[in-house]
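Both of the next two complexes hold subunit A, though its partner changes from subunit B to subunit C.
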Partner chain A sequence: MGRLTIGSFSSPAGTMSLDFAIKLAEAAINKGHAVDLWLSGNATVLGNKDQKHYKDYSHLQKTVKLMFNSGRFRMAICEACAETRGCHKDITMDECIRASMDWHLASCFSADRVIMIGDN
Partner chain B sequence: MKLCVFMSECRSGSDLIDRLEAEKLGIILVCNGVYHAAADYEIRSWLFPKNAHLYVLAEDLESRAIETSRVAPEFRVITYSDIVDLIFNEYEKTIWI
Partner chain C sequence: MSKKRLGFIIKSLPYKTEASKLAVTHAISSQTAEIYLEDGDSVEPVICFIGDGVFNCIKGQQSMKHYGITSIEQHIKNALLLDLKVMICSEDLEKFRIKKESVIMDASEMGGETLAIIASYTEIQKEMNAVDHLLFF
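What follows is the complex of A and B.
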């Protein structure tokens, strides 16, 4: 099995591409691969604790927690992007890594496959 | 190089696709890009290079109520699980447009 690094830079609500990133990560983990997910920009909000599930919004946190339990999933948020959005360490999920872009570059260089998912 | 392009929007994107050179070129339609798979032949033939392997994501077709019967025959309807296999086994690099 291999390791897939996914970079996503779009919001958790109101866009489709972060949904795609999470579903792709879930499919890869279900097939036995390991996944590193890097989140920048508005996507960093996905690292917050206690996200409320509203019927008409996608609720990715549940899937993310299941993936953490697999032990083959790492999720890192850009610390600067998070801090500028008021997402400080105390409201960030414990399993979520807070790092600079170096973490993502290192992950890309050591991964078998890389996909950068833009914002739409 | 074996290159896989994720097309996620319903705009042409041919300005970029035309300039891609790959030993093997795959184009996977996802999100709103899936509308291209049900477009008229003239649009499709202009948009997608002849040698490209064409795929479309089943889940995104279903969430847009596009029946697979309306998908053009040159597209292979795939799932997220198939995408993982394609990424790891068939293609080396990926692009998201």
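What follows is the complex of A and C.
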């Protein structure tokens, strides 16, 4: 099975780009592949704990938790981007990695496919 | 022991979103990616500015003065200082009537020796074909 590295800068609400990235990751995991998801910029907000679900907005956290349970999914957020947005370690999901951008490049190194989805 | 080449293709306007800045800072972070890799493995970035992305390369950016943030110009110079390959599409410069003299070509004031390359889209496409992975910003 392959390894996919997906990067995104898009926020969890306000654009559907991150929804698509998560859907793609979920499909890959369900097929038995491994996925690294790298989140920079506004996308780092997805790493926050306890996101509330309103039906008018996307709620990606539930899917993210299921993907963590698969054991084939890693999600990392850019620490500087997160800190800039007030998303500190104490409000970050336990399974979520906080790293600098070199984590993403190292993930690209070992990936079979690299995809960037969405910008801001 | 191997090296993977990553192509950072920047087509976003500067400052409208943070995409182009993140592209350059991600490319620069290749310098420390080795801490996550096996001994001898490395990543080598190539940064290509195409389309609207060539506006990122205009000299004299004043973002620190007006917004209090580091300019994309400074990041491009940091990339050149680290000897990263930076390519700027000549057809797109011409399309927007941006003169070569107006474009960031070096980081000589910081002691850098590597120059940016103004290249045709065909040359950039060759580079895109040669890298292991492409990342579009």
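The working rule: the second predicted complex is superposed on the first by the 119 of 120 C-alpha atoms of A that agree within 3 Å, B and C clash if a C-alpha of one lies under 4 Å from a C-alpha of the other, contacts with A are read in each partner's own complex, and residues count from 1 in each chain.
Assume contacts are C-beta pairs under 8 Å (C-beta built on N, C-alpha and C of every residue); 3 or more make two chains touch, one makes a residue touch a chain.
Source: prediction; values computed, not measured.
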item: When subunit B and subunit C are modelled together on subunit A, clash or fit; value: fit
item: First (subunit B), second (subunit C), both or neither touched by A:Ser17; value: first
item: First (subunit B), second (subunit C), both or neither touched by A:Glu26; value: first
item: Which superposed partner A:Met116 touches (first subunit B, second subunit C, both, neither); value: both
item: Which of subunit B and subunit C A:Phe73 touches, first, second, both or neither; value: neither
item: Which of subunit B and subunit C A:Cys108 touches, first, second, both or neither; value: second
item: Touching partner for A:Leu4 - first (subunit B), second (subunit C), both, neither; value: first
item: Partner chain(s) touched by A:Ser100 [first = subunit B, second = subunit C, both, neither]; value: second
item: Inter-chain angle, subunit B to subunit C through the CA centre of subunit A, in degrees rounded to a multiple of 10; value: 70
item: Closest Cα approach, subunit C to subunit B, once both complexes are overlaid on chain A (Å); value: 6
item: Set intersection of subunit A contacts, subunit C complex versus subunit B complex; value: 113-114, 116, 120
item: Contact footprint of subunit A on subunit C as seen in their complex; value: 4, 6, 12, 17-19, 22, 25-26, 28-37, 41, 43, 45, 133-137
item: Residues of subunit A touching subunit C in the complex; value: 7, 9, 40-41, 100-109, 111, 113-114, 116, 119-120
item: Interfacial residue positions of subunit A with respect to subunit B in the complex; value: 2, 4, 16-17, 20, 23-24, 26-28, 30-31, 33, 112-118, 120
item: Subunit B - residues contacting subunit A, complex; value: 6, 8-9, 30-32, 59, 79-81, 83-85, 87-88, 92-94, 96-97
